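Heads up, the next two complexes both have chain A, just with different partners, chain B and then chain C.
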Partner chain A sequence: MISLSQSKTKRLVAIHGWSGTVLGLLLYVVIFTGAVAVFEREISVWSQGGTQYSEGIGRKIDRLFRQHAKEIDRKYYEEIFIARNRSGDFRFSFQTHEKNPATDTLEDKAVILTIDEETEQVVSRWEGFLSERAPDRGDTLSRFFVDIHVQLHLPNPYGLILVGILGLMMMAAAISGILIHRHLIKEMFLPVRPRKSMVSARDLHNLAGTWGIPFAILLAFTGVFFSFATTLGVPIMAMVAFGGDQQALIESVQGTAKVLDKTPASLASLDYIIKDAINRTEGAYVTFIGIQHYDTMAATVRVNMATIDGQLSGNVFGYEGVSREFTGEKPLLGQVPSLGSSLIGIIAPLHFGSFAGIASKTVWLGLGLAMAFVSATGMLLWTKRREDQAIWREFHKWIYVVIWGLPVAMMVSAYAFFLTLPAGDPGWWVPASFVIASLVIIGACLMKPFQEDAFRRLTGIMAVGLPLLRHLTGGTSWSESILTQGQGVIIAIDVVLLALGLILLCWKQIKQSSRTMSAQPEPAE
Partner chain B sequence: MVLLYTILSICGICYLAVTNPKRRRAFDLAVLSERRWIWPARLSVIVPFLFLVFTANWSGLSIWAGAVTVLGWIVAATSPHQISAIKRVVARIVLEATARSSAAISNVLNNENAISGKLSLLASKQDLSKAKKKIRQLEGKIAKLEKKISEFEIDGKHAEVDDGPSLKIVKN
Partner chain C sequence: MEKTIGLKRLGNLSAMWSKASDSIKSRPKLTRWILAGPITIIASIVIMAGMAFWIPAGEAKLNNIAIPIIVLPIIWAFCFFYVCIEENLPRAVLIMTAIIVSHIMLVTSAFM
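Our next item is the complex of A and B:
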């Protein structure tokens, strides 16, 4: 039990309430889209169809890589990245650094080859500055959800900074919540008292908050790290410790670049390196290969491994490119493994919940929705207590509009994606349709009183219609997804949408039958 | 294994929620007279946590902690009335399903009886036709024998006729 004076408690309640309410609607949007974005990869597979969803780079990549590398201009040999894209094809990215005339800054310029594993033919070839590269058309929908979560679809770095501030507010609300809830452990089984509007709302918020506090802090902290690490963290650290010289900071952390021996020399077999890396991790597969200074004596190879059972992040191994000598495990930060590097390494998996496949992602989706629930009930409670003031009464209504309007707008963007994918430009239409839907919802709610039931039915109809539209616009059929591609992701998302839609459409009947059941007396033993 | 730990912990949380005196009072339920086993229930949460920590199963620990958080919240947020309503809905579904399946089974059984009845009728019909055939054969033999007897009677002779091992007619 935390004992606080009355004035301190009052102050903390004010911090708790204001931090959760001011910009609270945006915080809700970030949390909700974050919960959905946990399944970014799965949404991508579901929406584009025709994918193999295979992961890992097999052992026989060496011949295929060399065959295509010899056709690329040597200036792009500075950095080469090998991975698989969302469609299961290999992606060879040959990169160099050049001044972009458009921005007058040094940027990454690349040639990106997409290669079909079966036919070994080039599916697509792209060349240019990476900053000018549009995402794959098939990834548009999932990328859009991620983009709203990460930066509210605002330009860089303003979006990142705004979302970082929202994360800080969430942390402030969570920490002040711990302090003001005097009986934190006891309130874990707090009874939600029925039929008393205010008390019931407070119970619901307190209960969800009590259970969710550890993860609220964890998710907020890791999110704030991602928002501020590059936008503020690096410049501030450089300013404080290196007189504003960011290059000096990077060299201090990553090590000073040594003088490179650019004598031509053949790279050792990638197949051997992959085999060696797999042996070192008891069978984890390779997710990513990075080659620096290909075909020179200075060549080095970095191999990223998938996460093995029980761990949160995968290993990264280093090799000398020519002698294929193992140079050790590469820390994410610095030159030698350290606690700081390990902590940095677990931030991403703990925020994305991607460390154990569907199981961890499902749990993280639940946590995200629980956080969204806490945020929404907190705002509703705060505004309900002040409903005698017109401004809070109006704000109370708009909380409901955002709670129900956001899923509707997200589904409209999914509809726009499927309708424009075959012929149009989903990259433009997906965000545009989201904005149009949001404006229509806002306009409708300005003209007419908010009707929760209408929104529920609309969401239900749209959820049921989405799998049908996906199928009608040439999406992968259920039989195809199982028989030829061996994946249940497409069926699982379709089924979840259909179930969600049916529940929302039959909500009144479910509620009615639940009430009738509750009212009936217990049968005699 | 993580799934088992999660189930174990949720069972403990369910027990703590169901037997919580404050909740029981708030929901107008009778205060439990028997002893409340708080520590075994608490251990169902503590032991998996410690085990996952000591085995350094960090991904398992994260999944377990996340799942216990979400499911524990759902358990705590569900009132006994809602639970009883859910139980009744489930019971009704199970009863309806049982009734429907038993009706379906009895239909199948009735059909089976009907089929077996038809089969036995068919079999008896076949037996009857066999018997008739046999009777006809026997009648034919009897007619032959009677004909032979009448011939003997016409000739006025006494004869001994052996008509197979089972039928022996001696005429004087």
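Our next item is the complex of A and C:
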């Protein structure tokens, strides 16, 4: 039990309420889309299909890489990255640093080749500044959800800063929640009073909030780090420690050698390096290869391995590019292991919930939705208590509109994606349809009173229809996904959507039967 | 003679502080809003910047850069809840000012 004076408690209650309510609707949007974005990779596979490559870049890649590298301008040999995209095609990204005339800052400029594994032909070639690159057509839907979560689809850096501020508010609400709930442990096990009233809503808010507090603080902390690290942290630290030279900071952090021997020299066999890296782990495959200063004496190769059981993140191995000599296991940042590098290494898996595959992601989804519930019920309680004032009464209504309107608008963007993927431009239609749907919902709620039942039914119908539309527009069939692609995730998401839709459509009947069951008297012993 | 001047200066400082303290106490809500809002943000950023000089860089020479960026949200939370909970507002103003000034001095001294 935390003992605080009356005035301190009053102040903390005000912080708890205001931090969750001011910009609370935006916070709800960020939390809800974040919970969905946990499955970004899976949504991407579900929406475009694709083969699951359990062997990563294990295939002999050396010949294919050299064959395409010789076609690229040497200025792009500064950094080369090899990976697979979500469809399973190889992606060779040749990069250099150049001043972008549009932003007047030093940026990554690249030539990106997408290569079909079977035919070894170039599927697509893209050249330009990476900051101006649109996501792959197939990734549009999942990237859109991530983009709303990360920066509310606002331009950089304003979106990141706004979401960072929302993260600070979430942190303030969670910490003040701990301090004001005097009987924290007791409240974790309190039964919810079965009444359709403020008391019951408060019980549910307290129950979900109390269980979710550690998670809320963890998510808010790691989220604020992601928002402010690049917009505030790196520029300020570059200013302080490197006289404003961000490139010098990045080179210090990445451990780039100060003096580079640019004498031309052939890179050692990538196949040999891949084989050696695989042999150094217990069954991990290669996910990513980074080559610096290709075709010179200064060349180095970094090989990222997949995460295996018992690891939070996969190993990264370093090699001399020409002599193929193993230079040791590389930390995420710098040349030697450090506390800073280890801490940054665990932030991503903790925020994304990706440390134990689908199991941890499912837990993160559940906890994320619980946090969205806490955020929404908190706002409803706060506004209900002030319903004698017109402004709060109006705000109360709009909380319901956002709670139900957001999933509907997200579903509409998914419909737009499937309808425009075969022939149109999903990169334009997905965000446009989201905005149009939001405007239609707002307009409808301005003209008519909000009807929760109508929104529930609409969400249910759309959820049931989505797997059907995916199938009708040429999406991977269930048999194909299992038999030829090894993708159980496509069926899993279809089934979840169908189940969710049916639950929402039969909501009244489910509630009625649960009331009947709880009303029945217990048999006498 | 010097002792008298010193005592006089101390007396002046004390009078100034008591005047400032009264002014802070007469506007508790406004002071707390300023402290919890802009002052906390400034303090967090300045502490993060100053940490580059007192956190050991380590063998990798990056702990003093990476750790302050990582702990920025924690610094903000500490400052924010401290100024919200502190009953003695003049003391909160004094402590926050001391933190900000000391870290600004630390940062500027590195450029001199």
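In this text, the second predicted complex is superposed on the first by the 485 of 525 C-alpha atoms of A that agree within 3 Å, B and C clash if a C-alpha of one lies under 4 Å from a C-alpha of the other, contacts with A are read in each partner's own complex, and residues count from 1 in each chain.
The definition used in the following text is that contacts are C-beta pairs under 8 Å (C-beta built on N, C-alpha and C of every residue); 3 or more make two chains touch, one makes a residue touch a chain.
No experiment lies behind these values; they were computed from the predicted model shown.
Superposition of the two complexes onto chain A shows chain B and chain C fitting side by side, with no clash. Of the two partner chains, neither chain B nor chain C is touched by A:Thr103. Contact with chain C, but none with chain B, is seen for A:Leu12 once the two complexes are overlaid on the shared chain.
In the superposed model, A:Phe228 lies in contact with chain C only, and not with chain B.
When both complexes are overlaid on chain A, the residue A:Trp211 reaches chain B alone and has no touch with chain C. With both structures placed on the common chain, the touch criterion links A:Val240 to chain C but leaves chain B unconnected. Taking the Cα centre of chain A as vertex, the centres of chain B and chain C in the superposed model span 130°, given to the nearest 10. Once the two complexes are laid over each other on the shared chain, residue contacts for A:Leu312 go to chain B alone; chain C is not touched. Shared-chain residue A:Ser513: touches chain B; no touch with chain C. Of the two partner chains placed by superposition, A:Ser131 touches none, neither chain B nor chain C.
In the superposed pair of complexes, A:Ser323 makes contact with neither chain B nor chain C. Think of it this way: put the two complexes on top of each other by chain A, and the tightest Cα contact between chain B and chain C is 20 Å. Chain C meets chain A in the complex at residues 45, 48-49, 52, 58-70, 72-74, 76-77, 80-81, 84-85, 87, 107, 110. Listing the residues of chain A that touch chain C in their complex gives 4-5, 7-8, 11-12, 15, 167-168, 171-172, 175-176, 179, 220-221, 224-225, 228-229, 232-234, 236-237, 239-241, 249, 252-253, 255, 331, 333-341, 343-344, 347. For chain B in complex with chain A, the residues that touch the partner chain are 2, 16-17, 20, 22-23, 26-27, 55-60, 62-63, 65-67, 69-70, 72-73, 76-77, 79, 81-82, 84-85, 88-89.
Within the complex formed with chain B, the chain A residues making contact are 188-194, 204, 207-208, 211-212, 214-215, 307, 309-312, 346, 349-350, 353, 355-356, 359-360, 363-364, 366-367, 370, 513-514, 517-518, 520, 522.
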